[in-house]
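Order of writing sets the labels: A, B and C. Residues in every chain begin at 1.
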């Protein structure tokens, strides 16, 4: 018995499955190009062992603890740290047992696929996690984590990662990235510029963030021109640590293209703390366009990840803080929202803007039509809750006919769950193999083309779109 | 020749079909647990024969008469009663002939599946209804309805119904439920508390409904506190007739959590009849939160069925009244709308709120993510127009990966069409068998797990979610 | 080697494929009924050869040039005429080479299917277009276009077109239609009444259009009554050239039913040029209802094509004008928007209104429920970006269960790309054959019924719905 079905996620019809398996085999061992994600650069810098199994696989993974919590398990009991000073469980084994008892909740979810993949391929388990074997699992993983081949750099090599991007705040000094570089290790880890803390007036500590940010580049925060120069400066600093992209996680995709005087007035207002909700939204919107203009200047690829209602539960936010599984997708408009940015720089051939969505109804209606005409636009892969077997199929079915393959950018694992990275790329490669096999079997693509496109989707487009 | 294909609604690929058939067979004869529906308790209380075929199968079934009407058949000619005193057809045979002539309109619709199921399994027809055999059908059904085994209680037993819930207004005295109980008959028929007539200021007769409602519990309607107490009282009364749930059919999912003073002022305003549309909506929104708080107190499971634009055609409403097939789904927001309720009681582990939607675009975007984190939330099954083969597949494909199976609640037949109940559960079981077989064949679930989950989906989750 | 897979677009499972192929074969050679499209009546009137390959297949096809442009090819280099007097490429061979070099961009798109169909069946190519064979393609097509059998009328007959509708402005004198009629040629080419230039205050030249329009019927534009009479007159004129339908391409589906005085005031205001955006939208909305009322009078079938944000890029619009691939679908509401029109005339059995959408989320939620009850409503086929294999499957899967087949109207090719017409109908017939075969294999339809329905979908419903 094994945890993983050899032909998992491939089409069921035998002829299709054979072709899909062959296509998958062609990219199964291709290098992992990971242009967007949230692993911690400190791991690669220090290369120390990962802590206990619960700290590695349960407590930091919002997919995991949100599902357990949805069935009544308290977040404290899963070791999720309290932001309000309250007590959380620290006994990894206790947390792990809760996880084992409830592992059936993950049936048919992507988490189960990712976890089983790590359990089998990294730790050698062949029996599925349950209440009965939770202790055995805990012991075996604990033991394994002490071995040198389980350290971050060894796993990086074993996972065949060609390049991985992390995501940092402009306030970050990138010391871990510097340390990686200075260490002489050959792994390619690059950063990405995520300016939310200094462009979103609703970000906690915004005004002081901006002050600190401007100071970093020797600028004063009193003028918008200086603030923009600080961005220029900081983007160049990030680029010097390998960054080829920026990332923007606004609640909406709203953009604006105000004139300079209006922008300066808005900047002063949001810094003063007296801006109302509409003005704060306007500033975020204006800053997307400003960032796009800076991308025209410096060539950094721009990623826009809009549409999450963050921290939906006030009580949970007060207790546990951000990123606790309470970010819920919302309906997102792109057509009108992106208008001002596209009006300003949409025809620039030196600009590349990659769009993501949590609102699948926009795939065929808005995003594929937009990416299928604007030269600067590309479509990011299925994101977050949609980074799953069914989600990826819907993505291909709803975007390919209008945007084609070459307005998409390959796969993003977008994760801080290090052990899930190979699993996630494997899922994407299997789905794409199944999709391409279906196109061949229905006469929409030749077999020869499918063998070319599978390479594009598995790694080439990611390298190209992100200039890696 | 028969009307029903033995392997209907199962996947086509032979290997998949075999597994799906085996899974289906495991639950084919499982008891029917029907926690939400609209059958008439009087049927079970009086146990008299059903009237003629048209009165049983055409005139009261909005799915049936709306389709006939869409092709130009006048509602009057189908015997739909006029609300304005006009004349409608009363000759069942004439109505039935119209139905037979137009039966081809139902090709590929769920109504056809439900009707053919009843025609074959209840009445023994093997030839499909048409203009040519309409009289033969009419005669045979008429004849059958006179036989004792066609009476409501006999059918209840034959359908293997373990428990069925009806839905009553708080103004209902539950006399039919009392009569059922007093009759000594063993069938388990429970009520459900549907307070729309006394919480929705736009419901016809709202103010007098509230007065009558408060009086029922010996309360005056002059204070909001007394009104809430009347709810407490009436909910307990319903619970004493087996109710384990409440049901709320608002046009939107809006909720509010106003303070007591504001709520009292709003209550006075809506009772006065001087509230504007926004205030009436605010009262409905506030009442959803109040009902949730009462559910925390008394444990009744709360069902929210939002999103229908009721009585879309004014002229038809004037002529025929409510529920004439002119209720049209609309775009529904859940993320912002449910915020206040969830902020107030979302983390209560004693609360259970079951959400339904008519807007499938919210499945993957909003509802699965919400139900996949809030401990109080569960996701109701595919509803109304989506209670169909394709609708149920979309439901599973769009909700399972994020909410899992255990944040869903099994099947609801939600019908007043008594004869369709076994057919509807049969469809759900077949779709779930097909879905689970597909998961197994693509390595997302083991066969052993599938045999467990199919039991969960067919009856266990319904019992558990509704505390039946 | 050939370009076209014999069983393309049919289901993959062998049993299903066999049945689907048989169903497809039954309608493969059925006549083409094309009730809505944009071919140029001048072609049929003059019957002169088509110009060079690029002018025929690249430059006028927005699907083709938008995809090339999305990957950075300048529209000028594709010969797209500049509206601002700038220079565009005129060398067809150069344009064609660019097309050939980039033909891989169309992988898995409907354009590739349509183009390959024309390349193989019209020009006899067996090798796929590429940079390497672009010149060979260019030469062979150029040569072919000179032959008599490639002239518009010969192709019309070869394509087995029973009837085709073009679309004209009310300002059009229909001289080409007159010429066709007078020529004695037997091909049936009819017009359709598209009054956007005189009912949409945002249409360029609106006020002078209205003046010219009223003058055509000997009316003054100073009164709304005269303006309506001009419509009556012009609709009758169009009907005399075979028109059986009108077409309305508003940005939203908004309708209004104002009283006459308010309508007259609105008319005066929009003509004066002083109307604000809301008033201009109100006029469009009112005019949809006015057109519906005229359709009750004269029996012309009304088509509503809402939901495109036209000319999304200001800079591209200034450079190249309308219809340059920058029309992007937007979220569209039908339930509230169509309310006033349906309230006014929705129950008229002499009225037929065909609804289209670019917002697929409205299929199951709004459009199928509306078309499944209002006697005047029918559902148009999958439109524009959704006129594709995946798009048509989604259409059938999301509309059939609630609206049935008989509230739909068959296929529209809706194209100005003459050579793509047989390909488009072929795609629709294949998808429908696959869909019907799936219904049969899953017991939702008998084989006998499927053979009847495939004829309905391929041509009968189009004739019937459009009164052709």
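Assume contacts are C-beta pairs under 8 Å (C-beta built on N, C-alpha and C of every residue); 3 or more make two chains touch, one makes a residue touch a chain.
Since the model is a prediction, treat every value here as computed from it, not as a measurement.
**Q** After a C-alpha superposition of subunit A on subunit C, what does the rotation angle come to, in degrees rounded to the nearest 5?
**A** 120
**Q** Please state whether the interface between subunit B and subunit C is built from the same residues or different ones, using more than half shared residue numbers as the mark of same.
**A** different
**Q** I'd like the Å distance between the centres of subunit B and subunit C, where a centre is the mean of that chain's Cα atoms.
**A** The computed centroid separation for subunit B versus subunit C comes out at 40 Å.
**Q** Where in subunit A do residues touch two or more of the other chains?
**A** 13, 361
**Q** Which positions of subunit B touch subunit A when the two form their complex?
**A** 11, 13, 15-16, 331, 333, 335-336, 339, 342-343, 346-347, 349, 361, 364-366, 368-375, 377, 397-398, 400-407, 438-439, 441-446, 449, 453
**Q** Okay, in this complex, where on subunit B does subunit C touch?
**A** Per the touch definition, subunit B meets subunit C at residues 4-10, 12-14, 66-67, 69-72, 104-110, 112-113, 128, 309, 312-316, 325-326, 328-331, 358-361, 385-386, 388-391.
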